[in-house]
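Two complexes, one shared chain (chain A), two partners (chain B, chain C).
After this line comes the complex of A and B, so read on.
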């Protein structure tokens, strides 16, 4: 089984974002970068499949040269090689992104049996790239998946819905977009990090196609003021705490 | 929450470990109406305290830091937030093993007991998850521990609140400082303005930003310290506490590893220096984690992963152990690596308590509070005094250059005489080019480039042969040359010319000048015009605040001459003591005047050759100064000596220095004049004369009687420290400063070794020596005394040992050497009757 996982370099959230002067980007000088939780479980799943079935895991991203950092992080988890479709830092629209990814996949020596993507990116949240790539490759796709089983050359995907769960069985090769909760991703080990340094990354430099979707302006939505409610002091607070735990479903 | 008060005795800005320590200790010492503010939330406002690794290794080569850390540990223990776990500093190299032996010396010298050297097997017994093949030994400190610094801060803050002395306001940001007539009067915040008598900046790496609002300068830079946490570690699965295993410092890789619950924390000071700008820190809202926790840059940690793996393969090499957390944590670094404590020299009543680590926090809070409330601290803070810096040292360039250079020395093997490589040639004397031509080896003091010795004197080494006391061991030969001792011997035969441009000079002038110097100086200042007085400057407790020379130039004018290293703090102390009615003023002449010293038996002949003025023994008495003409130069000549020979200090305007040099040089040729470096002036010349130096022998923890410098009579006039001094004179001293000579220099491997300073002095059965005040005996200064053919050590000794002829031991790099008390007190070893100086 050769698995390809697509990831995207996005700013770490947690702090207040500031928009650049031209209104088209966020100030990133002081920001750290990561990938979406959906993509973290995607890589973890791919590594588990390769561990079980044999084969390889390739991580692909379209982004600035600095996105090598995200590829290396995933190599530390267990991905074997990386493909970095380099941009000059400009955002590519979903169609352009999907075309470039599909071209890269078609051009690659490896015939990937399974392509896993996050259900949507953490920043733009277009929900499109997975489906567009599958369409361009002419492969079946399941989206919003939280369970993957590989057996007898076929894949079974499980998708939670309000009333229960849906199961999809597909021939390989296939494409799947997954959701956080698919598994609990491991932390990279130190030997994993050391190995990651030496793994190969292939760089591609396609032209950015004329975008059909243009970003005109970003705005930071008004943040909800943080609200703290004192539930009580000492043991007197216990019943209120229990009530909250029940509400959020942890007990 | 109550509203911000409009007035306070003191506003403490910052609620990290330092601000909380200050709040508690100021309240404990009796100050009420304290207001503490922080722009972040409580209990973790987001500064460096919040992400500190919180462990404490008490041994330090700086006595000041060691004592402050020792006191802090004691306070943490009293608060119940200290967990002792022990710690091992491991060595991968022989050079490091030697350094660990030095740490053993510092431990014994400063009273940190129970430390021992370990073999690799002994290291593994304590920390079984280390690979014994990677290390060659270790240094174990049983009293290493971990603290809960946030909890400690809360406890101290709440104690001050319970006393009714403190109100604390979180989420309150300073927007401005009000300075009136040079004095801080109010702090402006987003919640209102507080008028305050005192303002304390205890904000860690935000200090520069706040100081700037008041027109002051706190010279520090935020720097990254990388730390990762890996786990869960199977071996630690049953860990019940935060820390159960000894902390390991992998000194040669500039890293540490500590168990933290079921994880292992790995920190590094080895990566490239990553310096940030205090002006560019994110706000609490903008920060992803906190304003002082920046995103981890894994590429800077690549080598560290491999080195951690080497040392602890069982844990770090475990594929199931993952990196759970990693940050680029910010801490405060200063140009010389020491904290920034005390009133800012720019603004009265504005105090800095900055660049303080968790290990020193409560001790420094206590000491600075004592300084604010009582006028002085029990632990001498001289090397951390924020007033120590010259303007050039506070520039952005100097801060960045020196912190970048110093960062990787955090666990480094730093030689006592090691020189900075960056930002040199900042202050050049008028003789610089001439000195370069003479092959000067330049060392830096306070920015000045000063010749330490001259390569053109190399021929003298042969002339004097073994009398130069040649050294074979690399450690003692580093930053040293036998030429120093050869210059010394030649000066004693003919004459030497010494560049003393680094001196700090300032004039005190006006009708109130006499009262001012009388008050500050211990010795009689009401002397005839033209007298030069060497005097201690005391703190209230009778310890040494400084020692310096004062010339009376007119009925209403005194010139103070003091050393370059401590001169700025001296200047501030005199300024602080000026009369409030403005009847005396200070003029700093440091950059206006240059000084050349000429000493040796031929000094007078050389001077006579170029001046018509009377420089005879009778016509120019020792301890006097007067103007003499040398060609077209009007020179202020002062007949004193710090090297023990006949001679003068000669002062001229900076721009005329070169002319003075040339005149002396030319006239000196037929009298055997040689250029002499600071190696002689600062060490060999003084040590064989038993002259004490500020910062080594002289500090506030020792008094004038103990230093053997009490004059026969105490002057009538009042002076700072007089009451204490009178008391000290009426008591038998519990320690006396002695000069010891080394009887046998042969090490266990048969090599001759020479102590460098700070080594412990031990009894014949190798036990520590402690005086009645709990102070250990150790070598304050060490150096060659070429004219007496001995290596001399100075040390304070309790009365039972401070007896000439007493045999003792000095520990040096793991070996023990016999020493003898040669002089108890200040009598010189060389020329004890001072016949040379008075010739």
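After this line comes the complex of A and C, so read on.
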């Protein structure tokens, strides 16, 4: 089984977001970067499949050259190779992203049996890149998945719904988008990190198409400005807490 | 014409879809255009839509539609949208609504704006949409027609209104074999957990890294029980395997709006707040008076959760007994 996982580099905001002066980006000069939990579990699942079935795990991202950091992180937990579709740092819209990813997959020498994406990206949350890639490749896709079983060239995907669970069965090759909670991702080991430094990354440089979903401004939503009233320090605050319980009627 | 894709389950229209119909009616009225809807499979629910201002309900009939079949549903939507010349196609920003809309975008090669809170049709259509699970708002131009948009649930309340004929127009969409590869099979229902579900709980006692271990959750469980509530947690907790993911609150967990949220040893990362910002009252217990969560909470106790919680439990027992 050769598995491809798509991940996206995003800033890790901490307690609040600050917007750049032009209103188009998150101020990220002082921030670290990460990927979505949906994508972390995607890589973990791919590594587990390759450990069980044999085969390889490739991690692909479309992002700035610095997104190499996110690929190396995932190599440290077991991905074998990387594909970095380099941008100048500007965001690509979902259609542009999906086209570039599909082109890269078509051009690659590996025929991926399974492509795993996040159900939605951490930042843009467009809920569509996976589905668009699947259509471009002419492969079936299940979304919002929290359980994957591979057997006899077929995949069974399990999706939680309000009424319980749904199952989707489809032939491989297929595409799937997954949710946080699919598994518990492992932490990278020190030898894993050392091995990751030597693994190959292929770089591609397609041109950014004109966005059809064109971001014009970002804004932090207005919230009731709050500052917690301190009821006290340590266990002595307990009676004051119980007063609040009474006031709001929970006891 | 404004077309709304209406989802249903067990003979009932999904609430978020009805809200979307209400929003669609406002758009149609403002533009002086008719409001139409697409129902896939169950013609029985079509009758109700006239009272919500829908002029024509297109009902896609096909053997495939006994279960949820997202690609086939999108194919039917694409057929209706092109036949009727729809200028806007709306669906609920639910898992299914977003999925079918993305398939429609892929089939028609049109852009899709998911999770919108405002739609202003035009060329381009202007939208305001949620990013980062609602922690950021994006204004964007959506180029192309029809405008394909999903709406964040509860953007408006579902209200009957307008004077729709609710005329039912059945049709059989032309489906390719590939459209029928993705069809849901119902699995046996998940084990009914005996307690209150996280999504509906009035009181949630939630723990983060500061709780320290799986065992550290014992006093949280005790307090939750005393208050008739349930347990929540942060992603650090599920990542460490201390609690199951079904209890995670946040952007990639569950979004909740309890009467009372008690956050123990949780720092208040935006991705956690995305899941609990609508709590009516928030109390936090944290050793750090500067933690970001202080900016979202109503009340705070500065201290070690392992020492503060037992005292609160004891006082609560006394208050309930007295």
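We adopt the following convention: the second predicted complex is superposed on the first by the 222 of 251 C-alpha atoms of A that agree within 3 Å, B and C clash if a C-alpha of one lies under 4 Å from a C-alpha of the other, contacts with A are read in each partner's own complex, and residues count from 1 in each chain.
Here, a residue touches a chain if its C-beta (ideal position, glycine included) is under 8 Å from a C-beta of that chain, and two chains touch if they have at least 3 such contacts.
Bear in mind the structure is a predicted one, so any value in this text is a computation, not a measurement.
Visitor: Quick one: chain B or chain C, who's touching more of chain A?
Guide: Touching more of chain A: C.
Visitor: Is A:13 touching the first partner chain B, the second partner chain C, both, or neither of them?
Guide: In the superposition, A:13 touches chain B and chain C alike.
Visitor: Is A:138 touching the first partner chain B, the second partner chain C, both, or neither of them?
Guide: A:138 sits against chain C, while chain B stays out of touch.
Visitor: Which partner chains sit in contact with A:189 here, chain B, chain C, both or neither? Use first/second/both/neither.
Guide: In the superposition, A:189 contacts chain B only.
Visitor: With the two complexes superposed on chain A, say which partner A:124 touches: chain B (first), chain C (second), both, or neither.
Guide: Touch status of A:124: second partner only.
Visitor: Name the contact category of A:107: first (chain B only), second (chain C only), both, or neither.
Guide: neither
Visitor: For chain A, which residues lie in the overlap of the chain B contacts and the chain C contacts?
Guide: Residues 13-16, which sit in both footprints.
Visitor: Residues of chain A touching chain B in their complex?
Guide: Going by the criterion above, the answer is residues 12-16, 18, 30-33, 69, 72-73, 186-194, 197.
Visitor: Tell me, which parts of chain C touch chain A in their complex?
Guide: 9-10, 68, 70-71, 95, 98-99, 101-103, 105-107, 109-115, 124, 130-144, 150, 178, 181-190, 202-203, 226-229, 235, 238-239, 241, 244-246, 248, 251-253, 259-260, 267-271, 277, 280-284, 289, 291-304, 307-308, 310-312, 314-316, 318-320
Visitor: For a test of understanding, state which residues of chain B touch chain A in their complex under the given definition.
Guide: Its residues touching chain A are 230, 280, 282-283, 285-289, 294-296, 298-299, 302, 305-306, 308-309, 316-324.
Visitor: Of all residues in chain A, which touch chain C in the complex?
Guide: 13-17, 26, 36-38, 93-95, 98, 120, 122-128, 131-132, 134-136, 138, 140-144, 158-171, 179-181, 184-185, 212-221, 223, 226-239, 241-242, 244-246, 248-251
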